[in-house]
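Before we start, here is the structure in question, set down as structure tokens.
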Amino acid sequence: RDQVQVAGSSTVLPYASIVAEAFGENFDFPTPVVESGGSSAGLKRFCEGVGENTIDVANASRKIREKEIKACADAGVTDIIEVQIGYDGIVFASDINGNSFAFTPDDWYKALSAQVVVDGQLVDNPYKTWDQVNPNFPAQPIAAFVPGTKHGTREVFEDKVILAGCEHTGDFDAYLAAAEGDSDKAKKKAAEKACIALRTDGVSVDIDGDYTETLARIDSNKDGIGVFGLAFYENNTDKLQVATMSDVVPSTESIATGEYPVSRPLFFYVKKAHIGVIPGLKEFAEFFVADEIAGPDGPLAEYGLVSDPELIKVQEAVANETVLGGGS
Amino acid sequence: MALSWILLTLLALAVLGYFAGRSRALASAEGDARALHSLPSYYGYNVALTALVPALGLLILWLLVQPLIVNNTVSGMIPDTAIAEGSDRGLVMSEVRRVAYGLDGAIASGLLSEVQARNADADIEALTQSLKDAGQVLTQDISKPILLAAQKYRSMTSTGSTAMQIMVLVVALLGAAFAYIRTHREFRARNVVEQGILALLLLAASIAILTTVGIVLSMLFETMNFFQLHSWKDFFFGSTWAPNFRGGSELSILPLLWGTLYISVIALLVAVPIGLFAAIYLSEYATGATRSIAKPLLEILAGIPTIVYGLFALLTVGPALVSLFGDGGALGLGWMASSNAVLTAGLVMGIMLIPFVSSLSDDIINAVPQSMRDGSLGLGATKSETVRQVVLPAALPGIVGAILLAASRAIGETMIVVMAAGAIAKFSGNPFEAMTTITTRIVSQLTGDTDFASPETLVAFALGLTLFVITLGLNIFALYIVRKYREQYE
Amino acid sequence: MTDISQSPGASSAAKPKGSLFDKDARTKRRNAAEGRFKLYGIAAIGIGLLMLIVLVTNIVTAGTGAFQQSFLELNVELKEDKLDKKGNRNIEDIKKVSTFGYAPLIASALESEVQKLGIQTDLKPKEMGKILSKAAQAELRNYVIANPDEIGKTVSFRFLVNSRVDGYMKGRVTRESIANDKSISVAQLDVVDQLRDSGVLYKAFNPDFIFGSDASDQRPEAAGIGVSMLGSLFMMFVVLALALPIGVAASIYLEEFAPQNRLTDIIEVNISNLAAVPSIVFGILGLAVFINYMHLPTSAPLVGGLVLTLMTLPTIIISTRASLKAVPPSIRDAALGVGASKMQSVFHHVLPLAAPGILTGTIIGLAQALGETAPLLLIGMVGFIASNPPDGIVAGFLSPNSAMPAQIYEWSKRADPAFYERAWGGIIILLIFLVTMNTIAVILRRRFERRW
Amino acid sequence: MMNDMTRVERTVDSKAIKIAANNVQVHYGDTHAIKDVNVEIEDKTVTAFIGPSGCGKSTFLRCLNRMNDTIDICRVTGDILLDGEDIYDKRVDPVQLRAKVGMVFQKPNPFPKSIYDNVAYGPRIHGLAKNKAELDEIVEKSLRRGAIWDEVKDRLDAPGTGLSGGQQQRLCIARAVATEPEVLLMDEPCSALDPIATAQVEELIDDLRKRYSVVIVTHSMQQAARVSQKTAFFHLGNLVEFGETGQIFTNPEDPRTESYITGRIG
Amino acid sequence: MMNDMTRVERTVDSKAIKIAANNVQVHYGDTHAIKDVNVEIEDKTVTAFIGPSGCGKSTFLRCLNRMNDTIDICRVTGDILLDGEDIYDKRVDPVQLRAKVGMVFQKPNPFPKSIYDNVAYGPRIHGLAKNKAELDEIVEKSLRRGAIWDEVKDRLDAPGTGLSGGQQQRLCIARAVATEPEVLLMDEPCSALDPIATAQVEELIDDLRKRYSVVIVTHSMQQAARVSQKTAFFHLGNLVEFGETGQIFTNPEDPRTESYITGRIG
């Protein structure tokens, strides 16, 4: 095998393919193969073992989990280099010709949670239009296209938007009171779970496909508001208008500074054992995080990646082949 | 390419054997083919097959085993010290292989001589340089143990492949000779050849079985892992499907199963009548010209990528249905909230499945002998009566097969469901609500972001296996129906 | 029931002798039923064909744009001080200049072109350069590395323009729609307008879409389906070469030779059941067996073909068995009666008569295999793969490649709307591929069709 | 059920014309199978078609109830009038025609259904029975008339295809008479029958003649002489001679007829 | 080709036994179709099987070359010896058996291929012809023996299924004789044939008898008397009587035989 083999997240795929293409053009190594198939599937193959018939790099739109590290180790994949390439901004956008929105997490919580507190009582979510949620909004029917439960974005959405809203509105206490559990911790967990349970009456639609599907749905239902990646939105400004979140307009800058709250880090993982064995692997990893690629003016940022403010550290880590959990 | 050379030789030998066997058989019958037990060509095939099959078998076996032996021997040569921390023997072996191929390549391009390549005391730096000059990909500088291992690897491989070539040829020749000697007018060549073919047929049938075994096995272990992490009671008897990143998900198959059945049934309600009527029209009413155009055209429907159907559902059918059944729709019913609905998915899937029913049924209906139709028409039956009461029952096994195929496809479809029916699992009898199916959940749990060792991902395997068992039940039922109602014409 | 329903022979009264021309009530009813039945048939075919027309029209309208692309003709000065600072034409040194280093060359070439044409603009050369595709840099670099002697000269090129500009040329992008767009500005469109009017920027047929390879998300204008078409071709080759013979052989065994017993029943049920296995499960199987166990390379069309073969087999087996069953036993008897062996009777008589059904199964199975993505996901054939066409038959089977449906699926997910057009264009090509494949089978099938 | 009358009355009084064929020509693709045939089939008469194998008897017979419509390459020209009405007229519904003009085919073609359903099929589609009991009655009566009742009465549920050749033939006869057609076309109905069964079928034919008209193709001159009142002799697609059975067999006009009857041409 | 010998020598000298059936029983599922039949078929002899329709003639005939193997529900017990060898022995290849014991089926079943290919099929798979010319010769000879050559010689490429009933029957006869079997089983080979064609086939049978053994099922007592030397009478699955044809027809031992021959049981 001559080429580097990469698999994993479909969110990272565009960035990885931009890098792979440029890598193939500028180096004598063959263009790396970048497969998609999901973070989980990618990491699974990554952890299948060491050797030519396993992949070298796994892209992930989330951090690798402890259990996975352990599974990796069991299969002999011990030295894993973790590389954070930047952030994926998550934005809320609606049809370009429709109403504009300035959201807070509270609005989303109220609009989508399966149950909400009305007059001190936990009841099934009664809201049908946005003005019922927040009087500042127009009387537009609520129709939300949120990432399905397979997507890591869903987790971010739940944590940083719904749960935040739940806590902020104070409804959390009502859930806590209603929660069952042996310990406080269990109760808290149950309450959190209840908070983020989304309604299933068709108002909130899970999108298991990709942002193109969300876009198509907004196309066919102009009242819809969807969750998108920043990069996707920036490529489709002719059809979408973005909503602010807590009065911050999402942009690479506002996300990089942390002002805009909803984003998630993107990673790739390299098998150290393959460095020096697979031609071009290390070069590829270094190229990926090089300034001219992953820097704020590089093609990745141009495409929509929120470049990591601490890119230098990342570059160092790659150069030194720093593996997870210390080690050399 | 030693391999293609040896394959060509075998092929040539087989052809030669064919003619030799044939002419020997003819000679043994003094040129009179009638005196032979079998047709002369069977004697030829006998020799050719006896020469070819064992030799090919050996070749395949050898190709599988030799690398194992070579790898074991060579990797045994590598001292532990040569294996870097965190690396493993397997990776070093790939380096060894790369060097070995590099040496081959360098020899081929004339930059190294065979002697230099074999020289165990060669200057490593010079060697590295000449490999690089020859354009070979090297990842790091060659170390002594790796060079030695690579040289050993080369020599073993080349000895091995020489031995293989000789052995394979010997086996082929022996086979040919054996069959040739046995060739005699009394020899039951046809029976032997047919036995051979029967064995091949059996082999082909067993591939299907092996696939089943493979599928079950490849899902069984992960399914067991899943049930260790998640309660089987919830899986089989729970009522909610709600995977959650924090764990503690409710993962019950029942709402998914409901969605699967619901969508499939609607799809079949669309596809089976349309497909069957189309098949009947094509085979019984249409002129030859119409048939030869319409049938292949309908078959295109089966080949349109499902993503197109998905978009079609999402952008065209869904909104159209909403404008009929939705709030303020043409019918003023207000039944349908969004274009995501079981009905949308079922309708669109049904369209995709039309050719599965129509084309296969058409062939089977066409195969019903004309005398059956004549018998019925002669009694004053109309064409439709003939079709319904005589032709269709006679064609039943094939039609059931076609419907099963369509049902299978409906159960296995993902893209249309995802785009048209949504991703929310629930129990509801309302066809205007969104639902989802087992298969889509399998795909999304497998390709999603959840931890790959978590129940949320592993549930895909349990779903797959359960679906497998359920469809097995459906198939047994279908077989029973066919057996019971089959009408065998003469 | 009706006036005609009388107990036959009950009385000596013969049946009323109606004229053939006037139909009695029952006949009318039956004829109406007949008419309805026939109408259902026509309606069924009509619905099918209507859907086909709708779908195909959709596909064609959405996809034809992909076959055209906008190009810009430029004379680029290959400046020695940028490309070969040492001036000794050492290829290694020339290679050190990355594609990013070529951007200024192109930008200044564009600037001088703009000046030459007398176009007024306030744009900086770098901004103006963004009109062009990023693929232009790579094209230029490849040219220079292939012809180092040309350094220092001015060479004329035909570059792709950026997807937004191309969209503008095709009417997809308008001055209004780019209001919030960061990647293109109205000022750039002004330049584009003038370049177009002077004829250096124009739309033309784009063979690279059909023959080229995929490009990254930033260069929709450079993406082509050719390489993945080869991937599909090699896979279909594997599928056809394996699934058809194995499927037919297995069906023959099961239908004609297998003893009728429980075991055969189990096998039969099993095979129909395989058809209901979701295709992604075949991907799981393929990953486990072909890649992890047999160590075949990942992303290889060979493996894809093998997986799709397993997936297609049940379809072919089910249809083959159904058509074998439909051959009347009297034909078999006739052959056996003249002393043919069972094998001969099957291969000489039964199989040709079953051929139409077998071919139908093959058509449907191949169509399914040709359009399938899910199992390819797990064996690594979906993603950004293979930027170059394979350089030989063996490489075609073994080196990483994608497949048409996977490529289309990938494109359909990408953010830039320009990929949307390409996805539909890809579907057109996929359908042409499919129709070509089917036509062969359909012609064969017609030769075998007969009634007895 | 069966009466014991075996003697055939050769009543020669002129009867109504049931079927009249004028200038009928039949082509199978390029083969000219029936050449300009004119024939008149009387009501309440048994007409026998005789002639060497391949001369076009079956073809002509199939014209009479338009069964040739099902053969793609078959073209029929000329007029065939049933009760004075052209059966090839556009307004004519072949279905109604075939209900009136029933047919027993040369090759027995039972449906792959039970024996009962084979016979009940016609009555069912024509709605001849009010209820199950009546249908049972029709089936039994027809099977009896087909001279097969005794052999199959215990296995009415067995498939018709599992019968012996002769049994199938009789089943097909039973099936055809079950619908009570006005004209019954029988293409060698006794070819696979033993003499006793043959006699029973001939008796049936004679019985049918009382009310209907029967056309029978046969290779047995004796049979033709026994059952028919009129005989048509076909040769190479031509209707060579048509007339009273007695006259044809005793005093044929055409030398070809004579040669055939005396066994000289084939 | 055809010799003019039409007279049948009733040579009664004892010949070698070609096929011997001992205690043969055949069941179709629950139906007991053949009950304990013992019969010896001599070489160079024509044996006729007669009996009422459904009595088991075809069934027994199909036992003789194991064509019953193809019917799932059919069970055969007892021994059948061909030249002293048990044909139901495991070592026996039914294919070889059927090459020796050819068969003409009751219902004509031509292959849906050209007439030429129908006849040439057997010789081809048995390698009887060295080359095309020889094959052509075999085909022509067989078609002539089947008394159909003149009718089809101009359309050898036409499909065999497009022939008339009688032509199909003769084609099947031609197909069977083309492979030159040692024993030829003919199930009502003349049922659809006119007298002349019948005579020609009978001539063929007589010709075959010189070298081979022929078993013929027929419903025509006359035919049995004309062509056969031995006759077996079946009734309800039993072999009632077996003996010299002359004796059976003139002086039957069993009352049932007599009743049948004189036309009283069926």
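Letters A, B, C, D and E mark the chains in the order given here, with residues in each chain numbered from 1 onward.
One rule holds in what follows: a residue touches a chain if its C-beta (ideal position, glycine included) is under 8 Å from a C-beta of that chain, and two chains touch if they have at least 3 such contacts.
Here is each chain with its UniProt name: B = Phosphate transport system permease protein; C = Phosphate transport system permease protein PstA; D, E = Phosphate ABC transporter ATP-binding protein (PhoT family).
Because the structure is predicted, anything quoted here is derived from the model rather than measured.
Looking at the partners of subunit A and subunit D together, the chains they share are B, C. Central chain by Cα centroid: B, whose mean Cα position is closest to the mean of all protein Cα atoms.
Among the remaining chains, A is positioned farthest from subunit E, on the basis of C-alpha centroids.
Here B-C and A-B are compared, and the pair linked by more C-beta contacts is B-C. Each chain gets a centre from the mean of its Cα atoms; for subunit A and subunit E, those two points are 82 Å apart. As a whole-number value, the distance joining the C-alpha centres of subunit A and subunit C reads 31 Å.
Between subunit C and subunit E the centroid-to-centroid distance comes to 59 Å (mean Cα coordinates, whole Å).
Centre-to-centre separation between subunit B and subunit E, using Cα means, comes to 49 Å.
The set of subunit B residues that touch two or more partner chains comprises 190, 370, 382, 385, 446-447, 488-490. Listed for subunit E are residues 95-96, 107, 125-126, each touching two or more other chains.
Under the contact definition stated at the top, the residues of subunit C that touch 2 or more other chains are 30-31, 34, 329-330, 341, 353, 377-378, 412, 452. By the document's touch criterion, interfaces exist between A-B, A-C, B-C, B-D, B-E, C-D, C-E, D-E. The residues of subunit C lying in touch with subunit B in their complex are 30-31, 33-34, 37-38, 40-45, 47-49, 51-52, 54-56, 58-59, 245-247, 249-250, 252-254, 257-258, 265, 267-282, 284-285, 288-289, 310, 313-315, 317-319, 321-323, 325-330, 341, 343, 353-354, 356-357, 360-361, 363-364, 367-368, 370-371, 373-374, 377-378, 405, 408-409, 412, 423, 427, 430-431, 434-435, 438-439, 442, 446, 449, 451-452.
Listed in rising order, the residues of subunit B touching subunit E in the complex are 33-34, 36-40, 188, 190-191, 490.
Looking at the complex, you find that subunit D touches subunit C at residues 82-83, 85, 87, 89, 91-93, 95-97, 99-100, 123, 125-130, 134, 137-138, 141, 178, 180, 182, 211. Those residues of subunit B that touch subunit D in the shared complex are 288, 370-382, 385, 389-390, 393-394, 487-490.
The part of subunit E that touches subunit D in the complex is made up of residues 28, 31, 50-54, 56, 58-59, 106-108, 147, 151, 155, 162-167, 169-170, 187-188, 191-200, 219, 221, 260, 263-266.
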